[in-house]
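Look for subunit A in each of the two complexes below; its partner is subunit B in the first and subunit C in the second.
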Partner chain A sequence: MEIPYTVKPRPDTGLYNAKLGIWLFLASEVMLFGALFSSYVLLRVGAADGTWSMGLMDVIVGAGNTMVLIASSMFVVLAWAQLKQGDLAGYKKWKWATVGCAVLFLMVKWSYEWPSKFKHYDVWFKDTAVLHAHVNEGYGKVAGTEENKAALRDEENKALGLPRLYAEKKIYVGRYFKTDSKKSQSAFTKAWEDGSLALSGHINGYEEAEIKVEIIGWSSDKGVSEADADKALENQGAKSPDDLRKNGGTLLEKTDYDTAKLAEYKLTKAGYSLALSVVGYQYKEAHPYFWRTGRVNEDIGGKPRVLSIDFGLDVNSGDKKEHHPEVKIFTKDIKRLNSYEPKHSTFFGIYYTITGLHAAHVFGGIIVMLYNLLPIGLATWHRDREQFANRIESFGLFWHFVDLVWIFLFPILYIL
Partner chain B sequence: MADSHDSPDFIQYLIKLFYMVGGVLVAGTLITVLIDVLIPMPLVFAAIIGLSIALVKSCFVIAIFMHYKWDKKLIMITWTMVLTFFFFAGMMGLIMWAEGDIPKLHRPELPAIWPILASLLGIILPASFTVLTIKLMNQPAVLESAQTPKSKAKRTTRKKKTT
Partner chain C sequence: MSATTEATKTADAAEVHHDEHHDHHEQGFWRTYIFSTDHKIIGIQYGFTGLAFLFFGFCLIAMMRWSMAYEGAPIPFVGPMLEALLGSGVAPGGVMSAQLYNVFGAMHGTIMVFMGIVPAAFAAFGNYVVPLQIGAVDMSFPRINMASFWSFFIGCVVMTVSFFIPGGAAQAGWTSYSPLATIIPTDGQTYWLIGMILLITSSLLGAVNFLVTIINLRAPGLTWMRLPFFVWAQFITAFLLLLAFPPLEAAGILQLMDRVLETSFFLPTGLVVNGTDVDVSGGGSPLLWQHLFWFLAHPEVYVLVLPGMGIVAEVISNNTRKPIWGYKYLVGAVVVLGFLAFIVWAHHMYMTGMGTVISAFFQTTTLLISIPSVIILTCLFISLWGGSIRFNTPMLFALAWLPMFGIGGLTGLPLGFNFSDVALHDSYYVIAHFHYVVAPGTIFAIFAGVYYWYPKMTGRIMSEFWGRVHFWSSLIFMNLIFMPMFAQGMAGMSRRMSDGGATYSLANPDNADAGGALSDTIMGLNVSISAAAWAMLLAQIPFIINLFWSVKYGKKVESDNPWRATTLEWETPTPPPHGNFTKEIKVYRDPYEYSVPGAKEDFTPQAQPSR
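And now, the complex of A and B:
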């Protein structure tokens, strides 16, 4: 059965049906985002001092992305206005501009904003004394500016020392509080004294384990034949597999983690028992993504997978202009290491949830816009101009809603 | 968009309006950022200012970009949105009730009837709205405009007033 498409508004609803449909859809979207916004508000209000890292957000990038989305919202309605005047070329021009803005928005989000957070870390220490030593060493290198020296003339500040003052004013207050107040100072003092203060920064380099893989023995319990077991050894680079299987011995003298673990996995399946041990550490210069405590502290024959980390400390909660002072952190001191991923904290959990859902809407919008720009979608225009204009208007309503969500997201995520 | 607003002149007028609203939105964003960067203030004030500006911006988007201003027979949309709000408020009320944070209105204990009424409202409102919508949708569509000259006259006068 074909359902006739009515382009004219119905007298009872005052709308053409597609428009009523899209408004109902938007109502359901209001529910969805409303629930998330409410969750955000409840979490934000209930957050303890010094746990809500809104100061880490780059307001300028956020504002730029807001502008991009506002422009795209204007372009999409201009595209519709061109259609209403019967100008298909004008429609295409504005629609492509909208697609361009949407793609730019997602690129900023998915290739800059998010990835730069995934390689930005917080480190918590087991021992308060170690934390204090790192703050004094790291921030001692950058604390000598005139501004900080002036702050030190205050007797009370003098007792604290420059590095600590720097960590409080530039890092802690800027990250967790809107203004410097008694509340922010006491929160910092508490975190400083009980050692719950996290050092934030980037991993610039690390010492990773070099692993020796030894064969201890072999049994046919796993149901693998001797020939197959030899072949498995040969695949891992053994020169005399028969001898190694019978007597045991060293399979790999010095190898990296991935190779060693792969060999362990495959050979265990073939019935071997293996021993992995760390023979040394090799320094690597890299900015790794998504590291967690388990990644660096993994126990390999009694030694950690990563011995130490060169950690470039943040000098200002949002700012990247100054030189990052580097401290060497031993992984045995680390209580917790986490990049700014959803697991990091409630703030990042809700941040990625809301912005991710919004980005998914933008992505879906791009697909619909491309459909309406390609011949397959434009066929509707050649068949029934009114229907196509209505379709574009309906899409426009959705797109404005996506813009609306961002208009509210920008202040709550980047400013509050 | 009502059919009386398809004239080329009106579209030209709309396009000008769209550019103006775009300007207002950009200005709103700039003001939000400038206030945040230049004037340090407590969270409460920052929230009030930031969200107020966002509210003004969203009103412009809904009224102009989404043509809400000209869709005069928008009982359906208004219904949809108002009922969504009530349903949503009811749901949030249930959540807060579960959390034990429901405002007690200075009484030691809230009578159980209120949360029950709230949840009933949350069910009845959308249900009644669905029934109403189905009823309206099942009416035969009258494609030829059934507008009376009287209503048309009324609309043009209203348009003059608002523009």
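And now, the complex of A and C:
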């Protein structure tokens, strides 16, 4: 049973089945990405002043990635052209080049662009005074250069203070408005005065709780035998598990959060009841990923898990040669802390969704290309050259669409 | 339609054609009946699954109707089962709780639309009949066809499983509006979203398949204007699915991210739930969800109805022994309907505070879209004139479809106008309207299709007696269920009230003008409607028995074309083997050459050459 027009095109439509099919599929993809683009427009237009982030994307890297994809689109056509001429080796060469470009694109996104965002934070404060103090302290360190004084027209704005001006003109305006205007000024003033202004930067280190883990008691409710319960205690480093189980006591005098929590989890499963308390704080130098408000505020026996963070403030690109000024922020003052992840704001939400879905399409394309390069797919070439070439042509159409989506995405997300 | 008889015939027929299939080999049970790429098997798989879920969805509402008629009373027979299966939290002592009512309500809608009608009307009949009607050996992409079914099946599994997770299934309506759908803490909504993504994927794959098949695999001589109207209807339906579903897929992804990754696509700033601020960024728009949802869901209702129109056209032409009147108008109308379907969606959103300009636009397009629907209905009505009508079971259902769909369509008009929709929105009037179009509408067309094509699929005819019993009982009870709902809606009864409006009525006892107190008559209708619903459920039992019994014991057909029809599906052996046709198919005529003057018989098949 042979399905007609699988390889040879149908005379009146001029299309073979797969080509028609892929065009129809692309029509549905236009609707899919179109819906996401429309959502982007609606969300951006509806965003209140000072809430839609701009200028956070590395335009050079994005443009580079755009070139990579455009090149890959060229390569995929060259691969097909070689195939139509019967040159399998030529096809493989250009197809591997396409795969290489696709992998490079994804690596740039997944290893460089996205991770650097996951390490970047915005912090909002409960108290306006604390916000002002941190701005003055932090930006005071960079705002005082002659260059900045001139740029900020210190004389005219003396009443406002250089650090505040720096925060507004050098950081806030570029972030939310592109250019200084009445709108940006009034939005900043409002945010400054009602304390809703966020500080952005990196976490350079933090003081995390050192925890004492005490065993309160044990019951056999969890269905664990005494011997097994003792074993569990021993695994957590207890010297005399039997005694500890019967009488309670301190398991770990002072340990880090992860060890304490793991012990709590494992021992609770074994039927123990524990009490964790904070006995001190230890400074850790680290650049963590994905922290949220709950993480820094997490309560352990009435004390926070993280006492303070050393926060390196963002500076304007003109001041890159200065190292990022650091302020110590106490978590008790933090109203909200969030890395630049989807949850951060609708801007990041839609950014990750659209680029993520696009990346998923690139990834899917890589899988299909590998299939068509490895013996499993090449079997079709040896069976029916024209059918194989058609398959590659259909894929090329898909790949061009994926490239086209990126060509729309790049200016919209990176430049506008 | 049990697999056994059909299977033996297929296997026998397949062996006969062994030499014609270069890569055919004896496939085991699993590849032949379960993971089959044959469009007929896939069509039957969709049919069984679709009908099963239609029944399941009906059972859900039957239980809900008990709560509406006798709120607080344990459901007889079923109540203890509910409590055992779902726990005393939601079904204490066999009584349906308000929460369970919401779960069943949301799932009734979802199941009926996406797991009942679309697979049964579009996918089942489409897969089985369309390749046959265009003279093709199979769909253009058989493996994608199989993938489409199994994606659908997994989606159904996910939806069904969601009933049994802690917290139960989705409960924010089949419309899953944010913020409610996002803030519900249990996982039912998440399962719903994942299930929807699988179901949408299935429909997209299927849509591509149908379109390529119809465009590229038509037999020689089968020009566009010689296509049976059923194929035109499926063609437009496939376009609707292809282009309208992706925005809902996008919306589903966004809502899934709202739930799982705590984004705020649809959550506004300053959202407070149970007295506490929700810990999200805000800045989102609940309206965005509504736009994205209804952008699909309006074309979706045409997806539900168009295959039914196609089936009715086939059955009417065949049983009046004359061509359908106005074939060109029907085709033009269905194409225009397809286009207009995309620009009316916000008539589901009149109450969201939209401005007068936008509202005027959508009212205009909504009224415009009634025109092609009326044209189609009128053509089908006129087709009866001068016909030599055979009142067999499929024809009875097709005939009843006409006024039922007419009532549904006409009652939609007050909803299409903004000013009257103010009074009627979210009331039982809306429920009555849309159920008339899909329940006696689409479902009657599905029944007509089942009775009509059963002989081709099985080689036997379903019992005519029990068919009539099924028809008359369904028709009567259907109207007893939905006609009174118009009155309830106009009296002000709102949708989605688990106690049938009792509390709502008590809350405004004197304010009859503002739709407050619901009179005893109106409230009393809850009981009669519920009773009619249970009777309707029972009325399906003869149909189910008939369906299975007739495979073995139904009257055998005397020819491959027992209805003496003109379209190509009747040119195959019965049931059609793998590869469908045993002779070369060329088309020489229009699809409905019945009672051609001077012809020997009162029908001339499309594939019959000119004399």
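Here is the rule we use: the second predicted complex is superposed on the first by the 388 of 416 C-alpha atoms of A that agree within 3 Å, B and C clash if a C-alpha of one lies under 4 Å from a C-alpha of the other, contacts with A are read in each partner's own complex, and residues count from 1 in each chain.
Operating definition for what follows: contacts are C-beta pairs under 8 Å (C-beta built on N, C-alpha and C of every residue); 3 or more make two chains touch, one makes a residue touch a chain.
Keep in mind that this is a model prediction, so the values were computed, not measured.
Participant: What does the overlay on subunit A give for subunit B and subunit C, a clash or a fit?
Facilitator: clash
Participant: One more residue to check, A:Lys343. First (subunit B), second (subunit C), both or neither?
Facilitator: second
Participant: May I ask you to decide whether A:Leu404 touches subunit B, subunit C, both, or neither, giving the answer as first, second, both or neither?
Facilitator: So A:Leu404 only meets subunit B here.
Participant: For A:Leu276 in the superposed arrangement: first (subunit B), second (subunit C), both or neither?
Facilitator: It touches nothing on subunit B or subunit C.
Participant: Thinking of the overlay built on chain A, is A:Leu20 touched by subunit B (first), by subunit C (second), by both, or by neither?
Facilitator: both
Participant: Check whether A:Met31 is in contact with subunit B, with subunit C, with both or with neither, and answer first, second, both or neither.
Facilitator: both
Participant: A:Arg10 in the overlay: touching subunit B, subunit C, both, or neither? Say first, second, both or neither.
Facilitator: So A:Arg10 meets both subunit B and subunit C here.
Participant: Identify the partner contact of A:Ala167: answer first if only subunit B is touched, second if only subunit C is, both if each is, neither if none is.
Facilitator: Touch status of A:Ala167: no partner.
Participant: When the two structures are overlaid on chain A, which partner does A:Met57 contact: first (subunit B), second (subunit C), both, or neither?
Facilitator: neither
Participant: Mind working out whether A:Ser73 is in touch with subunit B, subunit C, both or neither, as first, second, both or neither?
Facilitator: In the superposition, A:Ser73 contacts subunit B only.
Participant: Once the complexes are superposed, what residues of subunit A are shared between the subunit B interface and the subunit C interface?
Facilitator: Looking at subunit A, the two contact sets intersect at 10, 13, 15, 17, 20, 24, 27-28, 31, 34-35, 42.
Participant: In the complex formed with subunit C, which residues of subunit A make contact?
Facilitator: Within the complex, subunit A touches subunit C at residues 1-5, 10, 13, 15-17, 20-21, 24-25, 27-29, 31-36, 39, 42-43, 46-48, 51, 293-294, 338, 341-346, 349-350, 353, 357.
Participant: Any idea which subunit C residues touch subunit A in the complex?
Facilitator: Within the complex, subunit C touches subunit A at residues 17, 20-22, 24, 136-138, 140-142, 204, 207-209, 211-212, 215-217, 242-247, 249-251, 253-254, 257, 261-265, 269, 279-281, 283-285, 288, 291-292, 295, 578-579.
Participant: Going by the contact rule set out above, which residues of subunit B touch subunit A in the complex?
Facilitator: 1-3, 6, 8, 11, 14-15, 18-19, 21-22, 25-26, 29-30, 32-33, 36-37, 40-43, 46-47, 50-51, 53-54, 57-58, 61-62, 65-67, 71-77, 80-81, 83-85, 87-88, 91-92, 95, 99, 133, 136-137, 139, 141-143, 145-147
Participant: Help me check something: in the complex, which residues belonging to subunit A touch subunit B?
Facilitator: 6, 8-15, 17, 20, 23-24, 27-28, 30-31, 34-35, 38, 42, 59-60, 63, 66-67, 70-71, 73-74, 77-78, 81, 84-85, 178-181, 393, 396-397, 400, 403-404, 407-408, 410-412, 415-416
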